[in-house]
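Each of the two complexes below includes chain A, the first together with chain B, the second together with chain C.
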Partner chain A sequence: MAKNAWPSADKRSLIGKRISRLDGPVKSTGRAKYAYDISRPGMIYARLLWAPYGSAKVVSIDTSAATQIKGVVGAWPEMKDGDEVRFAGQVVASLAATSEEIAHEALKSIKVVYEVQTPQMNDVLLEKAETKEQRDEIPDAATVDKTFNEAEVKIEGHYGAAAITHCCMEAHGQVAEYRDNAMYIWPSTQNVSAYAAGLADAAGMPASQIHVDCQYMGGGFGSKFDSDQWGAICTRIAKETGKPVKLMLERDHELMAAGARPSAFANVRAGASKDGRITVWDSTAWGSGGMGGSRALGVPYIFGNIPNIRRVSRSVRTNRGSQRPWRAPGHPQSCLVTMAALEDLAAAAGVDSLEFFLKNLDYTERPDVYREELRIAADLIGYKDKAHPRGDSTPGPLKRGLGISLHTWGGAGHKSESTVTINPDGSASVNIGTQDLGSGTRTVVGIVVAETLGLPLENVQVNIGRNEYPASGASGGSTTVGGVSTSTRDAATAALNALFEKVAPALGVGADQLEAWQGSIHVVGDASKSMPWVKACSLLGQIPVTGKGSKPASDGTQLDNSGVGGVQMADVTVDIETGRVTINEFVAVQDCGLIVDLKTAESQVYGAMIMGVTYALYEESIYDPVTGRMLNADMEFYKLAGLADVGTLKVHMMTGPGYDERGVIGLGEPPVISPGAAISNAVANACGVRVPTIPLTPNRVLAALEQGGKLA
Partner chain B sequence: MNAFEYAQPATLDEAQALLTSASGPVAVLAGGTDLLTAMKQGIVNPARVVSLKSIEELRGIEVSSDAVRIGAMTTLSELAAHPDVARLYPCLVTAIKGIGSPQIANMGTVGGDLCQHPRCWYYRNGFGLFGMNNGASLVLEGDNRYHAIFGNDGPAKFVNVSSLAPGLIALDATFNVRGADKQMRDIPAADFFKTPSAPEESLTSLAAGEVLTHITIPAAQTRNATYEVRERHGLDWPLVTASVAYTDAGGSAQNVRVVLGHVAPTPWVVDAAAKTLEGKAIDEAAAAACGTSAVADAKPLSMNGYKVQLAKVAVKRALLAAAG
Partner chain C sequence: MPFRKKPEEPSGLSRRGFLKTVGAGTVAGGLIGESATPPRASAQAPALAGPGPIPLELNINGKVEKVSVEPRVTLLDTLRNHLDLTGSKKVCDRGTCGACTVLLDNKPIYSCSMLAVEAQGHAVQTIESLGTPEQLSAIQAAFVEHDAQQCGFCTPGFVVACTAFVHDHPNATLEDVRAGLGGNLCRCGTYHGVTEAVLQVVKTGKGGA
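Then we have the complex of A and B:
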């Protein structure tokens, strides 16, 4: 009888190995069809007109001229007269035409009259922010003040991160087609199984008649959980016109309206003993995620057991597109504020940063894991040889420095269901309503099934991305791998046990004495008794067997877990005459329990580090304070890191005893949390001053150097 | 973009006839790396687009004993790869490499680089060449981190973004233009660029129907270099560039030219600073002093004071790079 529990290390043929992703070839050759690539017979193109003001009242919308243009199928107001525009990028009207070009041009013929108002755009200066609400406070004023005042070493600093946007390579959008009293949708989504629910009203039919198909994704990062207003508009137009409709956001609209990570700023006071033992944390934090404000900053990050803590968080409302969860929501900002302040404290105490963090690890939840990871990261980056006290004393304008950061995440699996079918010809398939954001989910699902059945990976057909498959959770919060690996292990085990029932009589043993291993079914403990897989499957006769699986697993076995730790170290060079930062080396050490595919796991970390260099050094949503328009809603001045920018990346995954037996844990979020903090700390170590806010662009670095009296 | 006529003539005569006979606005298409974006953004709306791609006489590089003559339709990659250009004018090669994109260097042309529209984000977002809103300058009131620190007294606060212009001015190049009447005229490189005082005014001294056909650079041996500061290491616009050229007369500098890019609505010639180096050896102290002198008259806006520091450093480093 096959068991759900993960196989021991000596029984793993695929799990934990470096396996190339199943869809690598179709993606790299362009054969993979993304939502953008879907083309249907007679398809028309929808485009959205958005408000160009951060704050305004709609006086009137006139679509009549646009509908007269040749090729325009229809134009529709999406706001009413008198409605309030709350951010530049808010959808005002929609239009569909027979070509993308006509649709794009015809938008200009929709006449909208606005009563323009002054937008609230400031999130940097708390005292000048017009709207703020208190989000949380942990008052212990007397003790905190006393501890701070009596601390042997103390710092007071300002830290922060500018608002950024998700900037998915593939914009939000979908194709919708109404035929045979059903709606067919090809979206770009992180949430295949639940996507139809949001479209039922627009489609005028129950979700059961809405078919969703998303095989490939060009990035989501937390911004693609919902079908969104544009999904509903696209669906409505498809129903109304009877024609297939494609509606993908244009790049400027994508950056303004379809993603946003809240800004975060904090004034921090912290104290320590002169040998580097933290005694007190006191912070006032604020930030803005647009009209929805933002949630409280989770500081002090990781070091939550510091004895004296007071924190206040305020939320600033601004006329920007609302925040969406951005890969590890809140963590990168909280991590930056905490690690930067603590690093400043270490520098003030004159204690080496690595020693300082080691000395205070008992204030974290997993000190042993961090200790081991810090040791490995230090070895990988050559800490002992490169470390120096704050401020590189080497002559000349190029200053080199090291920075450290630590992070955590949950990563337990979401709810998930799947089915695994074994056919009489020996082939096997898995159906699961999950999605592959580019993280390797398709491959992981295949590996779990193949490992369970003792088959090569190529013998398993993996079917994902459709809502007719068993429902699986949204891919967010690093919940996917724990969910899908549990449900597919459970389903494959059930299917295998059904097969064992057929095979057991032929081998003259009970089904509970069988195991599947390397293309055969064996009797446990008796190597002479086995049957090749294909022959065994032929005993099924005409009928395939299908096993159903779920997360939580049907027999209650826990195959996933939660809670990871990671350490990152950056080695940078700062040109103190130009303020330019160069990444030399960047190291990530990460645990995530039992790794299903080491290669795609490492790829996740590499991708996160590149994304992290981007937000640490370049990325920033820049808004005009007068009109409220996003000024860099393009990929020219909204700057993403390229290969020339990221330096040498080194990834080390924690595996083996102590890690593997914890079960599968998600990895999407954790490695993107520390880069801003590690790089900011490295810059401070290099040039001798803290650059308070990221991104660490030359203007910010030079301003900090000037303020610190270090400008050459 | 609007519907437009497209013409791809084989001769300059035909091209210029097409440019002058149009009933609406015309645009000249070279490599298209700027024009196509500007048309998609709706900031350039030509009724007719005249491509110069098929005009053979506008391509290629001729080297004689006293000058190098570069066709305006020569691509930036071709220019950077030419051995005589690499030998005589490293400041141009560095400027082209600084673009950080082989694709743009392969498509972009010398003439197109010199005739680009500004990248000012207010302009590109539809607020006009000067970024005005209800009679007020959005550049002054808003985010001007990438705007001009020189020559910004008038309504133009954008920066000229040509990669080659500072180097060509430093090298005393001449721009050869052909009028609608088929007559050639020569414009010193520094005089080619204009700061408009009204949004309809031209950014260059090209008259209607005139085409920039060639660039002629003296072949005299100079020491020259470009230094650029940009945010990203890969494809990115520079924050500031400096191109310098001088004649090395036995260890002392003569005919020193120092030209800044991305700091003003035109390439910015800092002759006064250059003069401080006449007859001197270029060393760290002299180069640094020249950098300081070069930015003495800078007038930064609310958010771009850091560009003054960058300009100072770029001048110093370009001089030291030229001195070798």
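Then we have the complex of A and C:
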């Protein structure tokens, strides 16, 4: 019997190797069809009119003029007279026309009268914000105050991160088509299996009649879990007009309404002994995720076992489009506040930062992993040769510095079901209702089947992205790889064991003595007895065998795990005359248990580091305090790092004994957490003052230098 | 189809030919600051086109494509909505991100920032002409090898830009790559793979293939 466990290192043909993603060729040749690329016969184009005010009351909406325009199929109010607009970007009306151009132009003919109100846009100044409070004191307020007052070394600092948006390359949206009493939808989604459930009302039919197909999607990062209001509008128009409808958000709307990572600010007091042992943490943190406020910051991040902790969190409501999960929700902000304050504490104590973190690792949950990772990262970046006390004393305007950050994440697999079919001709296929966001899920699923059946990867047909397939969880929180690899291993093992039942009599042994390996079925321990795969499959006769698998696995075997640690170190140069920060080198060391595909795993880390450079240095949603409208709702002024901005990147994955046997653990979130903190710390080490708030734009760097690091 | 050498004589209109065709009235329009006489409509002035759809002949991927689009329609939207050439992606729609990059007479341009009418008389090559999944170009094969793609939405634009870059810079260094490929943006963060892919193609001298 094939065992429902990961093969040992000597029995892995594919798992853990560098394998090119299966859909690389269709993506790099432009053949991959995304939601935005779907074209259906007679398709019309829908567009949304959004409110240009952060706070207003809708007095009236008049679509009559728009409906008179040639080519306009229909126009619909999406709010009622008297409704409250709570953020700029809120959908007010929709319109469909025979071409994109007509739709775009006709939208201007919808007349909306607003009673404009003053929006609440401030999230920076706590005293002027509308807030809700959470409080947490360990052990008690008096002890925390006393410990701080008596600390040999103490710092008081302000730290912050501006709100950002997801800015997926493919805007949110979908194509919907109503025919044969069923709804067919091609969405850009992170949640294929559950997508239809949100549209039953709009489609006027049960989810079972809604067919969802998402083979490729152009980025989600946490913003594409739901079918959304635009999904419902598109579906409704398709039903009402009987025509296929494409509705993709325009770029400005995408950046305002389709998700945000909350801002975070904190005033921190921390104390340590003069040799660098942390004794106390005391913080007041706040931030805003728009209309819904935001969750409490998890500070002190990682170092949760510091003996004296007080944390106060306040959630600030602003008239902005609501937050959505944004790759590692809450972690990058908590990490920045903590690592920045702790490096400030190390600098105040005059203790080398690396030594400081090593000295306090017992306040974390996984000191051994971090210790090993810190050592490797230090070697990769040349820490010993480059490290210097805070403030590069080299003459001239270019100051160089190093920064460190540590992070953690869970990454256990989500619920998942999968089926694997072996055909009499030897071909194999897997059906699973998951999605590939670009993380390599399609490839991972294929590798698991091929490895289990002892076949080359190209012999496995991987079918994902449809809600007809067995249900699998949404891709978020680094839960996908643990989920789909478990259910698929389980399913492939079940299918293989069914095949073994047919093959065993021919080889004169019991099914429990067989294994599949390198294109043949072997008798364990007897090299002379084997049968080539295709011949073995022919014994199935006319009927294929299908194995069903799930996460949790059918026999209870745990193939995934949870809990990882990572370390990143940045080497930057700050031009103190212009305020410009340049990344020289950036190193990431990461564990994630058993790696299924090393190539796409490394890509996740490289990508997260690059995304993190953008977070640390460039991107910020800037809103007008008067109108409440986003001022940089385009890709020219909402800045993403370019190819020249990211420096030299080095990635080291922790693999082998001590890591592999833990099972598969998700990787999407962890490496995106530390960049803001590591780069901010490197800038402080370079120029000698803390630039409190990221992104570390030239104006903030210059202001910090001028003010000695107190403001910005 | 491999990346093609620049044609000896570009077909269709040159800038010089364009000026000749539209006549003196339009040229004078450019000099209005120096002349007290406003340009007059003359018999030579071209008939106004639009606002309704007008017939166009475009040279796309070596084929003449006849389309009927309004004059305001961009080359990108014409490719995507009228010719089903959806490899060129619509992302920023204002000449920032490069996801819509195509070759115009072998030079990379943002197709979101050119009207289809302006593309007449030029040879347009889209990502669809640069290789197939079964027969990848050297750049595409290197993209796959170095995993220079994640979600893949920026990838076709990057492949087109890299194809032109390697053709024009067959001996490019790392610094050249960083200086020359800043016109395309990626959100997933594939720049490391893109850089490796381009350098590999340069090293193996297959940029023209």
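The rule is short, and it goes like this: the second predicted complex is superposed on the first by the 698 of 712 C-alpha atoms of A that agree within 3 Å, B and C clash if a C-alpha of one lies under 4 Å from a C-alpha of the other, contacts with A are read in each partner's own complex, and residues count from 1 in each chain.
By our rule, a contact is a pair of C-beta atoms (placed from the backbone, for glycine too) under 8 Å apart; a residue touches a chain by one contact, two chains touch by 3 or more.
Just so it is clear, the structure is predicted and the values come from calculations on it, not from any experiment.
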First (chain B), second (chain C), both or neither touched by A:Ala644: both
Chain B versus chain C as contact partner of A:Arg21, first or second or both or neither: second
Partner chain(s) touched by A:Gln518 [first = chain B, second = chain C, both, neither]: neither
Chain B or chain C, by number of chain A residues touched: C
Touched partner set for A:Gly607, first chain B, second chain C, both or neither: second
Partner chain in contact with A:Lys33 - chain B first, chain C second, else both or neither: second
First, second, both or neither for A:Ser439, with chain B first and chain C second: second
Touched partner set for A:Glu636, first chain B, second chain C, both or neither: both
Shared chain A surface residues [contacts with chain B and with chain C]: 101, 634, 636, 641-644
Footprint of chain C on chain A - complex, ascending: 20-21, 23-34, 36-37, 39, 99-101, 167-171, 216-219, 221, 248, 250-251, 437-440, 599-600, 602-603, 606-611, 634-636, 640-644, 646, 649
Touching residues on chain B, where the partner in the complex is chain A: 1-2, 42, 100, 119, 121-122, 124-126, 133, 136, 138, 141-143, 145-146, 229, 231-237, 239, 303-304, 306, 309-310, 313
Chain C - residues contacting chain A, complex: 70, 72-73, 77, 80-81, 84, 86-94, 96-97, 99, 126-128, 130-134, 136, 139-140, 143-145, 147-156, 159, 177-179, 181-182, 184-195
Complex interface listing, chain A residues touching chain B: 52, 101, 105, 108, 577-580, 582, 617-618, 622-627, 629, 631-632, 634, 636-637, 639, 641-645, 697-699, 702-703, 711
